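Two complexes, one shared chain (subunit A), two partners (subunit B, subunit C).
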Partner chain A sequence: MQTYYPLFTAIPLAAAFLNLLLSKISMKVSDYIAFLVTGILAVMSVKMLFEAPFIYAVGNWRPPFGILLVSDGLSSLMLVVINVIGLLAVIFSFKYMATYTAKPKYFSLFMLMIAGMNGVVITGDMFNLYVFLEIASIASYALVGFGTGKKELEASFKYLILGGVASTAVLFGIAFLYSMTGTLNMPDLAQQLEVIGMTKTVGFVVALFIMGFGLKASAVPFHAWLPDAHPSAPAPISAMLSGVLIKALGIYTIMRIMFNIVGKNELISAIIMFLGALSMVIGGLLAIGQKDFKRMLAYSSISQMGYVLIAIGLALKPGAELVVATLALIGGLFHLVNHAVFKSLLFLASGAVEYRTGTRDLEKLGGLIKKMPVTGAATAIGSLSIAGIPPFNGFWSKLIIILALFRGGYWIYGTVGVVVGFITLIYFVMLQKEVLFGKLPESLSKVKEAPFTMVLPLVILAALCLAMGIGYMAIEGQLLDSAASALLDKMAYMNYLIGG
Partner chain B sequence: MVLYFLSMVMLVMGLYCLIAKKNIVKKIIGIVIMEYSINLFLVLVGYRHGGIAPILMKGMQTEELVQKGVDPLPQALVLTSIVIGLGTLALMVALCLRMYEKFKTFDMSKINTLKG
Partner chain C sequence: MDRLEQEIKDTSKGMTTIVKTIVRFVMGIIVIFGAYVVLYGHVTPGGGFAGGVILASAYILLTLAFGKEMGLRKMSNRWASLLDNSGALAFVIVGLLGFGGGYFFYNFLGRGEPFHLFSAGSILLSNIAIGVKVTASVFAIFMTLSIFGRIIYKAAEGEEPESEE
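Then we have the complex of A and B:
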């Protein structure tokens, strides 16, 4: 697998352009290309889980000079999340996107987005990270506006402006890092910053990164674009944006930079924990009153990302015991994976409901469990998992995070976590009542079950929710452990410089 | 030092333009000014007085190259970020035109179908 590592970006990047050329001959071919490419990537990413950490020097240039690709526990975990959810979203798109024109362009943009996200996750070079971040972001701006209606265009423009500011902040931070150290190789940067220590310039760089990547992760003061952008995109794209993009571009980059490059720090830890708590509370409270299916899910994404951020912040605290830090990180990473699964499930389900009923207004829906049993059951499983009901996966990850918070002595944040758990339960019960149960409106009496290619991803994701909840110890323990230890061990990351 | 200061002034000007102007075309110009100020900053970081291109020519000593050669990294960065900026700009302008078709205005305060 080692020699094929760059293919994670090369395949989708090439396919995105080939697809546009080939679809001139036949429109049908783009479906097959997209399925084939994401299928191959998903299989490759699952195989990557069984690889020991390694580095890949692009063009055989020695690490500090050439571009470095790094594979460790964390990047393998993220690759699986990105590519598996990507495959399911592509399967869902076959039927769903038939209502839009220009399907080949959609798949090309989709693959560009996958290429960008894979690139962000596998790279070991700051500037590469910026380039891939921009590839993924530009593709996502275009995909949000894909419907080209009034709302879509406005949401896309808003997202673009805010995303542009975030990218500028990130590039500014990178310029400062370069002027301080003269290198952009991430392991090399980690070594140099160890010598420089926490000066005021490093603090400024960290502030720029928290702003830039925090905006991509939609932590609360920077969240304004998300509740508009995610509902406006086509459903499979909402699933990709909420399920994967905010994690690969926001959370992953924050984790990688703060843990492996800057190192543990009291202030950074306090800031990230505060942002996390704020996101949890504000996202949760705003979700309660929403009348739009997807908009409620979008606010809930902000709230759930708060849990992940607070766990990261706790693990970043230098004084924390290793047990607490590891527990918090495992909880955070587990919640990240879980959120990818159930939030993409819910967004895809909202797409299936919209495809059959033509509306996502919660007041016009109701009683759909009788008319769409499979979609309804999947939605119910997804909302039970996200609300944290015991046998499902969301319960365990929230439990671990809250336990870590209490054990680390953060009583207030722990209590906030529990309360937000209740708030989540409230609005997902409301969602279930409005969509699945209750009275079936007259207008929806002729609704049928969604087509097979839409139901299949829902069933797979719902099964994953259950499997990851029951088999947590067997399946997840090992993976999450290696990802968490990859983050906590800064020395190991610095050693990648000499070919560790 | 003055040049560094000027690039920061440019950044703040771009930010002001982005925040204070209501016309979306002006907002786009603000973003572009911000991008250019960062590019200028990167070029300044990589500048070396009396530097030469980092190519080992015939008859040149390695020490001379090490002493005078310029690190090519920031130039490569600036070139790439200009290209990325071009891509973003094209997308922004295309969106802006589409919005004009739908809303018949460039005024952001009149384009408010979404709640935020």
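Then we have the complex of A and C:
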């Protein structure tokens, strides 16, 4: 696998353009290309889990000068999340996207987005990270507006403007770092910043990064684009955006830069924890009153990302014991993976419901568990998981985060975590009542179960929710530990420069 | 009188005869300069992107002076899309060919003599691929932006907007 590490971006990039060329001959071919490519990537990403950390010098250029790719526990974990959810979203798209025109263009944009996200995750070069961030973002702007209706275009435009501002802030920060250190290589930057220390310029750069990547992660003061953008996109894209994109472009980049490059810091820790708590509370409260299926899920994404952010913030605190920091990171990473699974499940389920009923308005839905038993059951499992009901996976990750907060002495944040857990339960019970149970409206009496290619991803994701809840010990030992220790060990990351 | 001279005399489409005549003279120079910037990108300032934009601006100038029929005749939507995708694909393939030497984007060609056209290995190939891609996509973006203008213009005159691809 080591030799072929760059293929994670090269394959989808090549396939995106090949697809547009071949689809001029036959429209059908794009389905096969998309399935084949995401399938290969998913298999490759699972194989990556069994690799020891390594670095890859692109074009065989020596590290500080050439582009460096880094593979460690964290990037392997993110690769699995991106590519497996990507594969399931592609399977879901076969039938769902038939209701839209220009399917080949959709799949090309989809693969560009995957290429961008994979690139962000595997790269060890600051400017490279920015380029891939833009590839993924620009593809997602186009995908949000794919329906080309009035609302879709408005949401896409809003997302484009805010995302553009965020990207500018990030680029600005990278420029500052470059002028200060003369290098863009991330391990090299980490070494140089160790010498420079926490000067005012570094502080400003960190502020720019928190704003830029925080907007991509939709932390609360920067969240305004998400509740419009995620519901407007086609359902598989909503699943990718909420399930993967905000994590790969936002959370992952914040983790990588704050832990491995800037290093632990009291102030950064306090800011990120505060943003996390704010996101949890505001996202959760705003979700309660929503009448649109997907909009409620979008607000819930903001709230759940708050849990991950607060865990990251706690682990960033220099004074925190190693046990607490590790516990918080394991909880945060586990919640990240879990959220990817159940939020994409719920968004895909909303797509299946919309495909059959033609509406996402919660007031017009109801009693669907009788008409769509499989979709209904999957939705129920997804909402129970996200609400933190044992034995599903969401329970464990929230429990670990809250435990870590209490052990770290953050009683208020811990209590906020518990209360937001209750709020989550409230609006997901409401969601279940409005969609699955209750009275079946007259207009929906002829609704059938969704087609097989739409049900299959739902079933797989629901099974994952249960399996990751029950077998959580195995996941913790194998995956999360190596990802968390990759983050906490800044020395190891710096040593990648000399081929570590 | 050949077809081009007829087009130049025809004042119903595009700009005036003076503009069209001048565009006819400078077109060749712009294209040669664009090609030069693409091909010598590795030894002089410039490169695939800059040269591609210059080449695309030649097409845009042609469209502005002679009207959109002329521009689309020189590069139709279909050709723009084909060139756009094949340029990008060619760039990825240059990278993938590097696996022959064991690394992604490995320089699989000889280094050549410094400051000559055939030097710097695979960078020349990458520049050509980027040049083709940028030429086609900048022109395609220009034509796409003009679609809405055309629809609004027609709607203002009370015609049914024709369906554009």
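Definition applied: the second predicted complex is superposed on the first by the 498 of 500 C-alpha atoms of A that agree within 3 Å, B and C clash if a C-alpha of one lies under 4 Å from a C-alpha of the other, contacts with A are read in each partner's own complex, and residues count from 1 in each chain.
Criterion: a residue touches a chain if its C-beta (ideal position, glycine included) is under 8 Å from a C-beta of that chain, and two chains touch if they have at least 3 such contacts.
On a predicted model such as this, the values are computed, not experimentally measured, just so you know.
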Superposition on subunit A - do subunit B and subunit C clash or fit: fit
First (subunit B), second (subunit C), both or neither touched by A:A98: neither
Contacts of A:V165 with subunit B and subunit C, given as first, second, both or neither: first
First, second, both or neither for A:G182, with subunit B first and subunit C second: first
Touched partner set for A:L36, first subunit B, second subunit C, both or neither: neither
Subunit C versus subunit B, contacts on subunit A by residue: B
Contacts of A:V131 with subunit B and subunit C, given as first, second, both or neither: first
Which superposed partner A:G59 touches (first subunit B, second subunit C, both, neither): second
First, second, both or neither for A:S156, with subunit B first and subunit C second: first
Partner chain in contact with A:L20 - subunit B first, subunit C second, else both or neither: second
First, second, both or neither for A:Y141, with subunit B first and subunit C second: first
Gap in Å between nearest CA atoms once subunit C and subunit B share a frame through chain A: 6
Doubly contacted residues of subunit A, that is, touched by subunit B and again by subunit C: none
Subunit A-touching residues of subunit B, taken from the complex the two chains share: 11, 15, 18, 24, 27, 31, 34-35, 38, 41-42, 45, 71, 73-74, 77, 80-81, 84, 87-88, 91-92, 95-96, 98-99, 102-103, 111-116
Subunit A residues within the subunit B interface of the complex: 127, 130-131, 134, 138, 141-142, 145, 148-151, 153-158, 160-161, 164-165, 167-168, 171-172, 174-175, 178-179, 182, 184, 224, 227-228, 232
Subunit A partner contacts - residues on subunit C that touch it in the complex: 78, 81-82, 85-86, 88-89, 92-93, 95-96, 98-99, 101-107
In the complex with subunit C, residue positions of subunit A that touch it: 3-7, 10, 13-14, 17-18, 20-21, 24, 56-60
